Amino acid sequence: MEKIICFGEVLLRLGPEGYYRFIQADKFVVNYTGAEANVAVALAQFGMKTEVVTKLPNNDIAKAAVATLKKFGAGTENIVYGGDRVGVYFVEKGASQRPSKVVYDRKYSSISFAKQNDFNWDKIFEDASAFIFTGITAALGENLPAILLDACKMARAKGVKVFCDLNYRKNLWTPERAQSVMQELVHYVDVLIGNEEDADKVLGVKAANTDVAKGELDKTSYIDVARKLTERYGCQMIATTLRTSISASDNNWAGMLYTNGKAYFSKEYKIHIVDRVGGGDSFASGLMYGLLNGFESQEALEFAVAASCLKHSIELDFNLVSVSEIEALVKGDGSGRVQR
Amino acid sequence: MEKIICFGEVLLRLGPEGYYRFIQADKFVVNYTGAEANVAVALAQFGMKTEVVTKLPNNDIAKAAVATLKKFGAGTENIVYGGDRVGVYFVEKGASQRPSKVVYDRKYSSISFAKQNDFNWDKIFEDASAFIFTGITAALGENLPAILLDACKMARAKGVKVFCDLNYRKNLWTPERAQSVMQELVHYVDVLIGNEEDADKVLGVKAANTDVAKGELDKTSYIDVARKLTERYGCQMIATTLRTSISASDNNWAGMLYTNGKAYFSKEYKIHIVDRVGGGDSFASGLMYGLLNGFESQEALEFAVAASCLKHSIELDFNLVSVSEIEALVKGDGSGRVQR
Amino acid sequence: MEKIICFGEVLLRLGPEGYYRFIQADKFVVNYTGAEANVAVALAQFGMKTEVVTKLPNNDIAKAAVATLKKFGAGTENIVYGGDRVGVYFVEKGASQRPSKVVYDRKYSSISFAKQNDFNWDKIFEDASAFIFTGITAALGENLPAILLDACKMARAKGVKVFCDLNYRKNLWTPERAQSVMQELVHYVDVLIGNEEDADKVLGVKAANTDVAKGELDKTSYIDVARKLTERYGCQMIATTLRTSISASDNNWAGMLYTNGKAYFSKEYKIHIVDRVGGGDSFASGLMYGLLNGFESQEALEFAVAASCLKHSIELDFNLVSVSEIEALVKGDGSGRVQR
Amino acid sequence: MEKIICFGEVLLRLGPEGYYRFIQADKFVVNYTGAEANVAVALAQFGMKTEVVTKLPNNDIAKAAVATLKKFGAGTENIVYGGDRVGVYFVEKGASQRPSKVVYDRKYSSISFAKQNDFNWDKIFEDASAFIFTGITAALGENLPAILLDACKMARAKGVKVFCDLNYRKNLWTPERAQSVMQELVHYVDVLIGNEEDADKVLGVKAANTDVAKGELDKTSYIDVARKLTERYGCQMIATTLRTSISASDNNWAGMLYTNGKAYFSKEYKIHIVDRVGGGDSFASGLMYGLLNGFESQEALEFAVAASCLKHSIELDFNLVSVSEIEALVKGDGSGRVQR
Amino acid sequence: MEKIICFGEVLLRLGPEGYYRFIQADKFVVNYTGAEANVAVALAQFGMKTEVVTKLPNNDIAKAAVATLKKFGAGTENIVYGGDRVGVYFVEKGASQRPSKVVYDRKYSSISFAKQNDFNWDKIFEDASAFIFTGITAALGENLPAILLDACKMARAKGVKVFCDLNYRKNLWTPERAQSVMQELVHYVDVLIGNEEDADKVLGVKAANTDVAKGELDKTSYIDVARKLTERYGCQMIATTLRTSISASDNNWAGMLYTNGKAYFSKEYKIHIVDRVGGGDSFASGLMYGLLNGFESQEALEFAVAASCLKHSIELDFNLVSVSEIEALVKGDGSGRVQR
Amino acid sequence: MEKIICFGEVLLRLGPEGYYRFIQADKFVVNYTGAEANVAVALAQFGMKTEVVTKLPNNDIAKAAVATLKKFGAGTENIVYGGDRVGVYFVEKGASQRPSKVVYDRKYSSISFAKQNDFNWDKIFEDASAFIFTGITAALGENLPAILLDACKMARAKGVKVFCDLNYRKNLWTPERAQSVMQELVHYVDVLIGNEEDADKVLGVKAANTDVAKGELDKTSYIDVARKLTERYGCQMIATTLRTSISASDNNWAGMLYTNGKAYFSKEYKIHIVDRVGGGDSFASGLMYGLLNGFESQEALEFAVAASCLKHSIELDFNLVSVSEIEALVKGDGSGRVQR
């Protein structure tokens, strides 16, 4: 089986149990996570071979992070060690009208100081069939754009399929900086994932007439954006999740896949949320599973949307579901009847 | 007060807290439960005198199980000791589109190796007014059908009212085996509880045109099945719960009682689920309470449905509610306003 | 900054975690709370200077209570020490059709035996701009009505604005006793908060044709009650929360403010409840914040309703939200999208 | 089997987990306990039939208390209901040089307001062979001395053996009050349990030259006190525990039994403490087991001391050990080797 | 790096937190463990490549077990799937004079029904340098002796070093059965680990004059046993742990290694116990590390004893320490000063 | 009452519960702490007025830190806001031969980038009677030495007594850097606290013939070092704790105070450790309490040592004891008998 390379930061996630706020907590739930690590774990649960590529310090917290990745089946052989710290992010789960809140403490992490020669992409991509990174990785530190460019070029040279989830984070960089970095990288991307805000902020492609905060979805504008992205950057496929936030407790969830000039829209799910962090990553991993296993476009999209629908029912960031569980939902059993 | 005899397996229930999956858990919540034990506990909470009859090994886990039954008021004087193990079942609570998952580890339990002479039914039924068993008990081991036949005959001989909840479990036996066992036993049953799947799989009585997975309810088909069951097996009453699974988090819930050629349908409740395990058992116990206390048919049914509606709002398997709490709901206060 | 004086009992709140019932619990979550303490804490979170005035015993439980108030920013310099016990109340959180249940064990608490000379109102109201008490305080003990009358007179003498939340509790006193006490006190109240049941039971002002248990709201009857209250007692403003209990898990929530012959109604929120205890207190504190900071009537009302809407999404009694979080909701972002 | 009647208060015990102090705790561990309830539970674990006689209010906390007693096998049929509250006591576990700390909130509890006609001793002592009360019960309320006198007289009249553990508590009463009450009651006591402080404060019998705080034990002074007690009050037996407090974490533990002019001293155990609350009660119950089952004096004493030694290794108040576990320790296996 | 093959059962370990007894627990701590799995994990922590060979059912509990092994670095590629159940064992931690208690529920587990052709030893031993099994594995089921004989023969044929820890468990088999099985297997063992009880019960080699329960150690008798074992079975090395149980909280701990007619004794440690389960396995893995890395006899023994000394300070079964932590203790730093 | 100014970093402390290692933890216990914050909290518990001066970022984690300080009575009015992060430190509690382990993640914290003009020492020292800082603060960032020099000069100018605890941390700076910074600052220090390692590494004053790792104490060498320190730097008093580490679970603990050419040695305590982090800070705060309240030297030292002895019995970093609890221990009651 060929490997899928997932490159990005692995962070320590900390947050209160249940619906307590930070100020109330005298315990934090611990997880080791990150957008690309989430993809790696989800794909490993689907039976794929994955490798998390990152840089971590030489300390016991990093060791615990690596053990967690191993537990859930992700490969950790290509992790580079050095630097001072594991990035941290704090999450407080929202409910009803109160949004979830994320406090980042990822500045100065080991990967943010990574250097180009930390990663031997030639070796990393041996026996690899796919590569994924997100816009977050590109935003982490000064050298990351160059490191990613090295990786993308090597991937293309080796015939490795490149996936990118734009994942714009306003607290990591400005749209200007994002565009200056990402516009070059996206030329190497085969499958591009991102919502309208991402397309606008990261790639300067704007959709007309959609107000995300209102939760209204306008199919034509999505198609318009996707078409522009394929034309401008040459990506084969554009995928996006379509989230309607009714409240922090209830969301509607669907997706679109655009390829060869055609847009596919998935079934929409009404989700009662357990933990929505990692929802986008679970869509990306579901899509990768479908596309790497030769699913048709509609089929791959439905798999991705069902996979990420299930993610919202699971605590913490990882999408710990099996292919058969996803397929049961795709086939229409969302009734949640007990499986004995 | 006369006793109600509840015969079946008492298991150790284990499962992660909240909505964590098995693979994430480093603690399991512990309960000691079982379909008939759930009935015994619920009836004890209503002020009835109950006895759990079962077989358990001589070890500390069984002792903890018995202590739990005692805590919630169920009698434990007729428990037989011997064999190797307390059956175990693992439950992972579902949410939204993700169903709850049950992993059984009940094979080789003490009761599954029970023998006919383990139980002195003549003595057990002294001062008893009712007897309940479920189809699960009949499926547990080679000797259980004969043991149950002994019990049913003795109950009838002593004028003890017999209740049976069909509770078909596909991982315990096949429809063929179920039918070969249950068709004989059901002739001794006064009040038979079961849904359409049970009637079909366990007794070979099929309802036309209903697809349970779709959550659609067709009253005429229910009546049809109930009529057939009374005709074929001579039961006085047939009761069934009517569950519409919207998702693992939200269900609609109602019930039907059929007797003397007439079908009664209850009010329907929209339930936001805390723990739905034991929902059927709480219906059975509510119905028993009503019927044994001389309620009219509609009244008994409404009591049973309201009782089991409340069960869904309580953690773990037992229905720990009082008669007055159920009556308040029957009278229409489902608004959940704080009781101070 | 001028102080807000909050006078009432500080209790130890105990209750099972999650949705367990009392009988199932082998741990109780601990908080130190009380209607007026909740107001003090919420206002402190908004950046206001507050003082909790109460009487507590000289023991380690009272010390823990005071530390909790300090943690959340409430002043504790005017607490009087003496007597035997910290009042206790036990809360079991409801869900779906099962209501939350409160068991009070507050009788014989230190404050219930307080005496008039325990409190030096002249000193307490130094640099104070507002005073709040609830009907609960008036009901606690024999001397409390006289103590409150002292306080109200001193407040009026010093130009301190008086807020009162009627908060009728049927297990603390009868309507007759409540009326005999409160009708005098209300003459000193500038802003009176209470729902229809309060107006009826505590002040003998009845609204026609509204059945609270059914969750129906009739605007004209609310206005009618408010008008009568201002006429009869001379209050400047009457405010009320408008709660529609769909179930213990879902409520609709709005408010009305009546002043100068005009009634203002707020936006209504559909709330999925985390913990509704303290919901009324969070409305009172939101309203106080608005009025004390010179908000227009509609604006103050919307702030109060949004503040208390958010309270329902937070565990335990305190409304631990910031002004900016409330303002974001007032401005319409109730979509609960993650804040990174 | 004849019953053992245990009369006293049942309290809610609350305290932080592990070695946290009250002020640090946001959860309290819950138990329902009391000196005589502890005796009833321990004896039930040994296979004896016991009844807890007490008065509790009609609320859910009392129901949880009763369920806990049932769980551990104590009878609850003779509990009287009424009054306002379940007494509470807060415990903070000490360690090393920091002592455990108890905050009582038991004033005004239901039993403290009990009346003589609440208890029908004639009926309670039907089929009873033994009766135990402690000095704590006598100190709880105005009517308790008279109630206890009724009980003692009835016990003597019916040939029920009376055990009394003096258990002096300085925060419940003064030595003067204790002596005025207990000196009369002790005349009905067959087996009296108490340490030197108890003998001095409760019965005015002083031992020379022993400073308990220093942890020094002087056998002759113990014998002297015991002799005086038998002479003055006519008790058949005097028993005492001999605790040497090295620290809150380590104690030495032994006991003395004095009867027929002869003193028996037990083996001494070096105990590493898990929870020492209930240590005295476990000694009393061990002694009762031995004496009621016809053990020789030395044998009964060794059983009592080993039983209470084991109690110190168990969390919370109850001594949840079996007769065979105690006998193994009596026979000398204190090595703590794993039992598989 | 060459692999170390660890063959035996992987169980689900369940037990109360802290020092609670089974009957008190409403949560069980979860671990997935087993004598040989413990060795595999410890060696993986030391940086060795290990493989756990076992048979597990196809269910989510087994998946969680495998994930746990992966987390701590053990290989899981050669696990065979089939059968009904993961064996379970319940552990209640002892303290002071109260011993830890183990309740086994491992009968009927998947491995106990394993067949000879389930395991392809030729393939399993590819690139392997060492093999370890314990007497427990041999006792599990009818076919295990034959399976182990296959493995031992293949190991010898391939030049793989064989380690065996006798680990006699009286509840799994009788001395007669143990001897009939093990006496043949031991002929293939290079390094034999076992205490005197093991030698006596499993191999019929008795040491004179030692009473283990008394915790007395007699060096000459140990040497005598070791000499006999090497003579009778041809093992190159005999190792034993020397445990003196002062109580369940405090043990002294040392070891002996006998080879080439010479006995080496280690330093003795006074241990304050956190969790002693897995203590023997940590000695075995420490010894394997030393011997497989070419340590001198004394050095290997000291490493093994220090490793297992540290295990006693860690919760649950695994010895999660690094080589450098062990070496620091071997060099004499047992002072426990904070490492910053 | 005059204020005590405590200047240093406030960190987020995270660590597993009980004796779990980092790699095992899926929850971390949360505290907000720091050497000087610990002193401020302890003194506040003793009834003193304290102010924590530090720099923290503007985020919710910092808000929780400030709330924690407030809870335990420390003043927070002079905290400066800015920068990126709250420093973090991870603690794993050791036991027996396994040492506690600290992983620091405090680099790049807000205070480490603090600038001289962040702190207005003239205003901070208004109404202040004492100032404390530790060597840790001096080591945190480039500007801290200059900031501390500003503070020390202002303190001296205002007659504020200066305390310094040397607290050498090898992972924060080298002895060379420490000496170049601290030798200047120490000239402003009135009471200097430090052990032999501190004196050697931070101030270049070496004691002969003491090997700390061996836990041996040599009084004459301590006196020698103290004498040299007073001579070289002009401090009025030198204090040191005398810790003998028997293991991570058991320490002996005493202290020395040197002043006016005379050395005072305290009683020594044998401590069974709950949490030893903050032990040194509790000694410093105990000493400050004694000296600022006019205790004699021996008396102040005994108070400090008893205070810090008790700290070891309390979870987490703060010394949450009262003056009366300490005085009881000073007077000799270390027997740990229950306080009711």
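Read from first to last, the chains carry the letters A, B, C, D, E and F; within each, the first residue is number 1.
Following the convention adopted for this analysis, a residue touches a chain if its C-beta (ideal position, glycine included) is under 8 Å from a C-beta of that chain, and two chains touch if they have at least 3 such contacts.
For reference, the UniProt names are A, B, C, D, E, F = 2-dehydro-3-deoxygluconokinase.
No experiment lies behind these values; they were computed from the predicted model shown.
Visitor: Give me the set of chains touching chain A intersected with the set touching chain D.
Guide: B, C, E, F
Visitor: Tell me the rotation angle, 0 to 180 degrees, that brings the C-alpha atoms of chain C onto chain E, to the nearest 5.
Guide: Answer in degrees: 180, to the nearest 5.
Visitor: If contact pairs are compared by residue number, which of C-D, E-F or C-F agrees with A-B in over half of them?
Guide: E-F
Visitor: In terms of CA centroid distance, which chain is the most far removed from chain B?
Guide: So the chain farthest away from chain B turns out to be F.
Visitor: Tell me, please, which chain's centre (mean of its C-alpha atoms) is farthest from the centre of chain C?
Guide: Between chain C and the rest, the longest centre separation is with E.
Visitor: Taking each chain's centre as its mean C-alpha position, how far apart are chain A and chain E in Å?
Guide: 42
Visitor: At which residue positions does chain F touch at least two other chains?
Guide: 18, 21, 23-24, 26, 67, 72, 101
Visitor: Where on chain B is chain E touching in the complex?
Guide: Residue list for chain B touching chain E: 14, 17, 21-23, 25-31, 59-61, 63-64, 67, 84-86, 88, 90, 92, 101, 103, 105, 107-108.
Visitor: Flag every residue of chain C that touches chain F in the complex, lowest number first.
Guide: 67-68, 70-73
Visitor: Which residues of chain A touch chain C once you look at their complex with the stated criterion?
Guide: Touching chain C: residues 18-21, 23-24, 94-102, 104, 169-171, 213-215, 245-250, 276-277 of chain A.
Visitor: In the complex of these two chains, what residues of chain C are touching chain A?
Guide: 18, 72, 269-275, 306, 309-310, 312-316, 320-321, 325, 329, 333-340
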